[in-house]
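Below, subunit A partners subunit B and then partners subunit C, in two separate complexes.
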Partner chain A sequence: MVPPTTEALQARSVRFRIKRQDGPGRPWRWESFDVPVEPGANVISCLQWIAANPRTVDGRDSSPVAYDAGCLEEVCGACTMLINGQVRQSCSCLIDQYAPKDGDVMRLEPMSKFPVVRDLMVDRQRLFHALTRTKAWVPIDGTYHLGPGPQDTPQRQQVRYKLSECMSCGCCLEACPQYKLEEHESRWDKAFIGAHAISQARLFNEHGTGNVLASDRLDAMIGPGGVSDCGNAQNCVKVCPKDIPLTESIAAIGRAVTIHSIRKFFTGK
Partner chain B sequence: MASTIAGFLDRHYFLLRRLHSLTGVVPIGVYLFPHLATNSSIVWGKLLNESKLPAGQLESLGIAAHAGVETFQHEVNFIHSLPGLVLIEIGLLWLPIAYHGLLGIYFAGTGRSNVDRYRYQDNWRYTLQRITGYIGVLFIFIHITSLRFGWTYWGLMPAFDPHAAASSTAQHFQRSTLGTTFIAAFYLVCVLALVYHFANGLWTAAITWGLTVSVHAQRRWGYVCGAVGLMLAGATVASVIGFSRLDIDAARQIEQVMRNGGAGAARHVEPGASNVLSASPDGRDR
Partner chain C sequence: MVGGGLAGLAGTIRIAEAGLSVDLFSMVPVKRSHSVCAQGGINAANDIARQQGYSEYEHFDETIYGGDFLQHQPPVYEMVHWAPKIIDLLDRMGVPFNRTAESQRDLRLFGGSLYKRTHFAGATTGQQLLYALDEQVRRWEAQGKVNKYEYWEFLWPVLETDDTGRRCVGIVAQDVRTMQIRAFRAEAVVIATGGCGMIFGKSTNSVMCTGAAASRCYQAGAWYANGEFIQVHPTAIPGADKLRLMSESARGEGGRVWVPRTKADRRDPRDIPENQRFYFLEEKYPKYGNIVPRDIATREIFDICVNQGLGVGGGNMVYLDLTHLGREYLELKLGGIIEIYRKFVGEDPALVPMKIFPGVHYSMGGLWTQYTAKDDLRGMAMGAANSMMTNIPGLYAFGEVNYQYHGANRLGANALLSCIFDGLFCGAGVANYVLEVVTTTSARLDQSIYDAAARQQQEIIDRLINARGTESPYQIGRELGEEMTAASTVVKSEQRLLQAIEVLQLLQGRYQSIGLSDTGMWTNQNLSYARALGDMLKLAEVILQGGIDRKESRGAHYRTDFPDRDDANFLKTTVAKYDRDTDRPDIFLEPVETGLVPPRARTYGKVAASTDTTRPTETVSV
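And now, the complex of A and B:
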């Protein structure tokens, strides 16, 4: 996934070919901008330069390219987009790795599995809806102090820590052949829930207090759009910027629903 | 109608998905072992066994002994001696295959391959699993209708006769209007596609059911599935070559000798079978 690095880079001009769309449901078009790039620049800094100088390579005045960004250190997931056709965060995407030479071209597109709001900005609401479907939280609200949580071993904490690094960026969903664009909220509950939510179900089922909702989570995983919809292409784990073992989570939830469904068959619960 | 089906799918989604996974391994996948072992006996039977027919009888006919023909006929006789064969076929093969195939086509339609963007080996594996599934459904339909029900597809697929097993299978390969090479290539591509589909399906089923959770377990199980696939692929190649090159007339005479109670072979043949059979060695009118 990581392109080859080159050394001894200098200031140069890089052409950005950007897929633009003025709003939801509007037609899209390509626009190209030549951007002077300093060593160490990233995609966001180049988009900022374009915002200040929105003139295409044809010399036409255009508008600033809309994009989403938050932390600028690859922990919030907001700036996820397709760079040269591959999904990743644009803040941590260094131009030096992608366009080392003067005149090199980089292609920016919005993610294809979420509705476009404008230009490179998408609406990832379905991704967060999946987390509510999964009940991806620890239920601790109450009217009295619950005291300290259960003790846990460092080994189990280590497993959970890795899973907890998920920033809901959507890379796993973008690369997944089983996850398709669903514009309408009415279809979200039956469409494939995605690797991130399956992994979060595992995270909170492994949690000493969170597992009181384990049965609910597994019921969500059993229904249409649940873990059965995974096609084992395993792209998710390869594009995950946090190296979360998503395929192991999918298998772990597969095991959990196997046991859960057998128990349900015999006990009715 | 469509909404009724969709509602049924929704309510029993998990059960239907897991049944789809299960039927792929048992009975369909497991059936590949005896099936391909029997077919390839045309080669290993010749290599491992000696002819059980009296040498003088074959010599007087001017043909060489071929233990592969005898072994294959022996295996086919055993299968046809099973009680309630049609019930076994329907319950353990046709219904599971129809179920796995139809739901498989439906499930495959829920995905959209993206190997053009993400060229990972696993992504190719995913895509191939769907392509080989489509090939498999088509092939199994042609395979069962031609070799089991005797549809000849206008001479493209000469029929099978269980009483002249090796020679009629060889005819199926060599006497097609499109020629031996075409039929051999057709079988090679389709059966190898199915072998891949089974080997990969065996690998993913272990993930689906939660047997292989860790990456290491998945890799180790991958070696096992790869070995199973290579073994079945070997049997496939041997079968196709064996029947594409078999001397049909010699095989027919050997089968005739077996039917007429050649020493050591008579015990495999049903009583009274020889009268019915000797009439039509090419088996087309049965």
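And now, the complex of A and C:
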């Protein structure tokens, strides 16, 4: 069922230099693999090849490289890693674009802002924790039928849709100078919450019913780890694969927090 | 709850709402579940369609007709009536459905219908629905009613037998990072683990969709139904690691499928004038045109390429043309898939027709389940404890892994609906089972039951780790995928299926002598895959054997040696029971409840086309 490639296959090989670590707290090392690539190959298809043929360039038998993947079409966010030093999804990283010539080198490393589980797989639990901290949900009454939700203009829908495409991949956090590795859960509530969560706060504050919790969300954005920790370096917006307008969200929440703090100061609420 | 896709999350919310606490297991963080891939939309009767003569009843009838009458009708009747309410609920949860100028929810056309009844959020509807449910589950989690076990893999159900019979009282699961194996107690277990596309090697599915969880339940005694019904989606882009879907919404929004009228025409498609293009779906199906159901579109594309040799450049591809729709419209309505095509193929669908070919997509078959029909068959009894319960009391199946609703062929945008419906409607049944039917709670059961179940799984894992054979699981997996795709997808025949069974037996033999290149006990993905592969081989046999036994053609199951539908003998569900002694499926047929709409011929108004040939006549391996 798979269509035969009409052009003759251009057999060429690309060298993968992969930063490996057997587990948390274990030493890391580089390992290199030569992988034959077909047109259309991407980093995941090469990691699959390595899993089936885990032999390094110096002829040593090694083990398959651990990595995270799901959709293979850049919509689940699982496969995020550093490729030649740049954070991005590996499934949509086409070898022909990154390493067009025979013998080109691709360097793969795990994200550095999250604890390594093994090899290229990291633990991004803190990223989801930030969504709880933000109360990133609409507080509906329950699942019984109560009619439609609040009406939405197409303009507002487009704004919310864009924000809602965030796939919790963590690229924006990896690139952010203010976001530091925090291994321990006990420190997550005080550490910088990150651009993705600030943007989610905006998403839910924009929703008719979600707005009910706006003040709770802004409370979470005041104080240590909140929006004021952002140094406005704007690295985040440059690496977001979904083109989420993160700096706009940060500015919007920044303004809302200022107003919220003034009101709190005068009303005590 | 095993699985955190749409079905698992919706079920979790409903059961938590009933006041019970839920342990939610998923191989991946639930927000990354396969449901995130769904693109096109979700069906429901709506006010505009109603004023054109559509209603829940038409939605019901289309679903049954689309499914070639193989599904039980009462559950479908109930589901379509819930559909408009489910859309409202999702809307309340904040799903950014596309809007019209007047701020109403926008609608699009989808396969198998002449009415606009598909609600959508760009071309990433599944992502938006999954996120909305994920957010609600996070809310329950923050309140302590839901406990998530992410990166935990379900290995086996824990069954207990007493004088009232056998029932499910928990699961054994493994943390895929630490490799720890543990048994968990539960009053009821819901399997919501999605489809099994990985059995076919490359498919439109995510990498977790191995069907291993369903296969384990089947081997533990749950029945598996209609396994032979695998949907092959007409429009996917072939890739080195997966077939990426180009949603049916592309055709619903006006996309046209064509090939050059001359064989192996090497011209740039943009230089081929209109009268030298063969819009074969529009010609053969003047009424439905490009939005005929998937099984039909797939067979026509297959016929054009494989039998008539009219594929683009002589290969197995046809054009899916969106270039006439305009960039702005495409970005607004189909942005998500346009982006996928641009990223993975490197061409712009607004300028150049896309090149596509069918790919394995969805499993209509799944774990066999029961329901309680209302007396007049118009729907299911609300809250019935057996709603989507398997033949093992206390073990349920929701979502794609459940065989109900879609019969022999699923209509586009009905899957998201059935997943959420299962969770919401049948979740109430699970709660009632726990509150009203279970008499001895699992807390009072002897720990030895759980220890024994965990030990059994540990032994399987130990055997794999200590195996010192030479066969590579990845190689076996690849060969399995190639054979299944060649023998058991668009066209099948007895002889080809029997050949595939032989290949499968060889593969099962080789599986006995595999060796792992990683024998460590930390995040060993090699081990997890090898374990799943063994279960995939078992499920593959169910799929093949069902295909052999069903000597007719119906919906997605097309047999060259039996090209017609045979209601007298096969208006029946194929049910596979695992036979421990022979290690093979034992298949029986069960009647289908067709009491509401009597079966009729399913033609979709087909007429002869200018260069028509008949349906595919021989099995071709490609």
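Everything that follows uses one rule, which is that the second predicted complex is superposed on the first by the 253 of 269 C-alpha atoms of A that agree within 3 Å, B and C clash if a C-alpha of one lies under 4 Å from a C-alpha of the other, contacts with A are read in each partner's own complex, and residues count from 1 in each chain.
In the analysis below, a residue touches a chain if its C-beta (ideal position, glycine included) is under 8 Å from a C-beta of that chain, and two chains touch if they have at least 3 such contacts.
Not measured: the values here are computed from a predicted model.
Superposition model on subunit A: subunit B and subunit C are shown accommodated side by side without a clash. In the superposed model, A:45 makes contact with subunit C only, not with subunit B.
A simple residue count on subunit A separates subunit B from subunit C, and the partner touching more is C. Look at A:72: by the touch rule set out above, it reaches subunit C but stays clear of subunit B. In the superposition on chain A, contact of A:128 is made with subunit C only, not with subunit B. Contact with subunit B, but none with subunit C, is seen for A:233 once the two complexes are overlaid on the shared chain.
Seen from the Cα centre of subunit A, subunit B and subunit C lie 160° apart once the structures are superposed, a value rounded to the nearest 10.
Looking at the shared chain after the overlay, A:175 reaches subunit B, while subunit C stays out of its contact range. Contact with neither subunit B nor subunit C is seen for A:25 once the two complexes are overlaid on the shared chain. Of the two partner chains placed by the overlay, only subunit C lies in contact with A:153; subunit B stays clear of it. Per the superposed model, the minimal spacing between any CA atom of subunit B and any CA atom of subunit C is 21 Å. Overlaid on A, the two complexes show subunit B and subunit C touching no common residue of subunit A. Within the complex formed with subunit B, the subunit A residues making contact are 85-86, 175, 177-178, 180, 190, 192, 222-224, 226, 228-235, 238-239, 245, 247-248, 250-259, 261.
Partner subunit A is touched in their complex by these residues of subunit C: 13-14, 17, 28-29, 31-34, 36-37, 85, 88-89, 91-94, 96-101, 103-105, 121-122, 124, 127-128, 131-132, 135-136, 138-139, 141-142, 177, 202, 206-208, 232, 238-245, 311, 313-317, 336, 340, 343-344, 346, 357-360, 424, 472, 474-475, 478, 485-486, 489-490, 517-518, 520, 522-523, 525-526, 529, 622.
Interface of subunit A with subunit C (complex): residues 1-4, 6, 22-23, 38, 40-42, 44-45, 48, 51-52, 54, 61-64, 66-78, 91-92, 94, 117-119, 121, 123-124, 128, 131-132, 135-140, 142-143, 145-149, 151-154, 157, 160-161, 164-165, 167-168, 204, 207, 209-210. Note for the complex: subunit B touches subunit A at residues 9-10, 13-15, 17-18, 110-114, 117-118, 120, 122-123, 125-127, 129, 204, 207-215, 218.
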